[in-house]
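There's a structure below that I have some questions on.
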Amino acid sequence: MSHRFSLRVYYEDTDLAGIVYYANYLKFIERARSEWVRGLGIDQVALKQGAGAVFVVRRLEADYLSPARFDDQLLVETDCEATTPARIILMQRVLRDDALLFTARVILVMLDAAGRPLRLPAAIRQWSNAASAE
Amino acid sequence: MSHRFSLRVYYEDTDLAGIVYYANYLKFIERARSEWVRGLGIDQVALKQGAGAVFVVRRLEADYLSPARFDDQLLVETDCEATTPARIILMQRVLRDDALLFTARVILVMLDAAGRPLRLPAAIRQWSNAASAE
Amino acid sequence: MSHRFSLRVYYEDTDLAGIVYYANYLKFIERARSEWVRGLGIDQVALKQGAGAVFVVRRLEADYLSPARFDDQLLVETDCEATTPARIILMQRVLRDDALLFTARVILVMLDAAGRPLRLPAAIRQWSNAASAE
Amino acid sequence: MSHRFSLRVYYEDTDLAGIVYYANYLKFIERARSEWVRGLGIDQVALKQGAGAVFVVRRLEADYLSPARFDDQLLVETDCEATTPARIILMQRVLRDDALLFTARVILVMLDAAGRPLRLPAAIRQWSNAASAE
């Protein structure tokens, strides 16, 4: 029941060591979160134009297990670990075929334009409840 | 009388070819423009919070002459080629010691929050007049 | 007969002006070129591991016509303008639906590991000949 | 006795939320590590050209405490938490004046071109010993 998002590694993602630059995995998993949120019917543009609400990463624990390389086709899997009204903890994995390259535990909150915490959208809380009820 | 800005090439700037990724020269010359604007006493944050004014690149002509590499200390030189009330044409060069690596001709305008053109700040028009009067 | 490549705008692509940062269009058109090259049956990884051959942009002329925004679905169209044995000139356009946002004229060459020019792969010269014979 | 490195936030670093994009803090602390390594007399270019040795991040724990914004002048402080012959654990902090914005615990190793672990350079082990002997 993981959310799945696939992407290709391009030149922009690599560094002189010939592998994906370590900060760019954070871009990959953020793209996956954007598609996961879109799949839940949440319109990030409307949220921002309304209450100025944006998702913000509070904490990230990342393990770099094996490098991704130029031209790799990667898969990002996203699962819910836990949730409260104001925060959600996601587990995200980057794979190339069966090889696990990168894992991250990401704590997400939603803030308004003034930086105050908001309740997460209902669709996210329902998704996480459904996931943990399996 | 060029504006001068120096920078170091880091891992994030390189790609698997072992050289600076071609899009990143645009970051380098934009950093130089930000420091040039600051040096003229223009506060980009205040401009944006006021009329929503931001500098926007309209056209860019870039020549990639020789590659920059990791750890290089680079110099960005910025000069005015021409100006009108609403736009300025800059010549920007990236050098490593005496070697010219990259040149760009950049047409800049200023837009308000609705995307309408604004007159450039007086400090920019004065700088460009002073430069062309030399 | 243009090559077509579609992409989504993510958070990483935007800047505080709320639009796509100007350097990131160069990433978008480079992704399109990578897919175009792959579609011609050219393996960039093998080229690099063999003669150390990499594609290099020599010159870029870019016009920023209208901004792309977060969440936009964009299309990159790539066409050949002209070719010689050692260089190809591409026209690349970024569109959102029918709106043309960005155009670039890109001069590409292929260099070996020592930075010496190589002949372009035959598949590229054939593609460009086919394109100009239409 | 922390290593200190200062940097400015530019347009490239921000996103549409008006703050520094979360992946870019990893660029900031990597720049600081590059300057720290250079300050120890270690030449990363020579290391790579010799044994193909590169520093690689194995694990990262990052806390995002308060956002950095365009034009901010930031300071990155780097300290050693612990070291073994093959790995070093760094604590890195990003500050704006007295405000702590971001902290990261970074586990670094050195790998050869085949991805095999190497002993860290002696200068790093000596630095970390000196730091922990204080």
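Each chain carries a letter (A, B, C and D) given by its place in the written order, and its residues are counted from 1.
Convention: a residue touches a chain if its C-beta (ideal position, glycine included) is under 8 Å from a C-beta of that chain, and two chains touch if they have at least 3 such contacts.
This is a predicted model, so every value here is computed, not measured.
Engineer: Of all chains present, which has the mean Cα position farthest from that of subunit C?
Structural biologist: D
Engineer: Please decide if copies subunit A and subunit B contact each other with the same set of residue positions, more than half shared, or with different positions, and reply same or different.
Structural biologist: On the two sides of the subunit B and subunit A interface, the residue numbers are mostly the same, over half being shared.
Engineer: Report which interface contains more C-beta contacts, comparing C-D against B-D.
Structural biologist: When the contacts at C-D and B-D are counted, B-D has more.
Engineer: Counting only Cα atoms for the centres, state how far subunit B is from subunit D in Å.
Structural biologist: The computed centroid separation for subunit B versus subunit D comes out at 28 Å.
Engineer: Quick one: subunit C and subunit D, Cα centre-to-centre, how many Å?
Structural biologist: Roughly 33 Å separates the two chain centres.
Engineer: Touching at least two other chains at once: which residues of subunit B meet that condition?
Structural biologist: 11-12, 16-17, 23, 27, 30, 69-70
Engineer: What does subunit C use to touch subunit A in their complex?
Structural biologist: Per the stated touch rule, the residues are 8, 10-12, 27, 30-31, 34-35, 38, 44-45, 69-71.
Engineer: Where on subunit B does subunit C make contact in their complex?
Structural biologist: Subunit B reaches subunit C through residues 16-17, 22-24, 26-27, 30, 48, 54, 56-64, 67, 115.
Engineer: Write out the stretch or stretches of subunit D touching subunit C in their complex.
Structural biologist: Residues 11-12, 14-19, 21, 23, 69-70 of subunit D touch subunit C in their complex.
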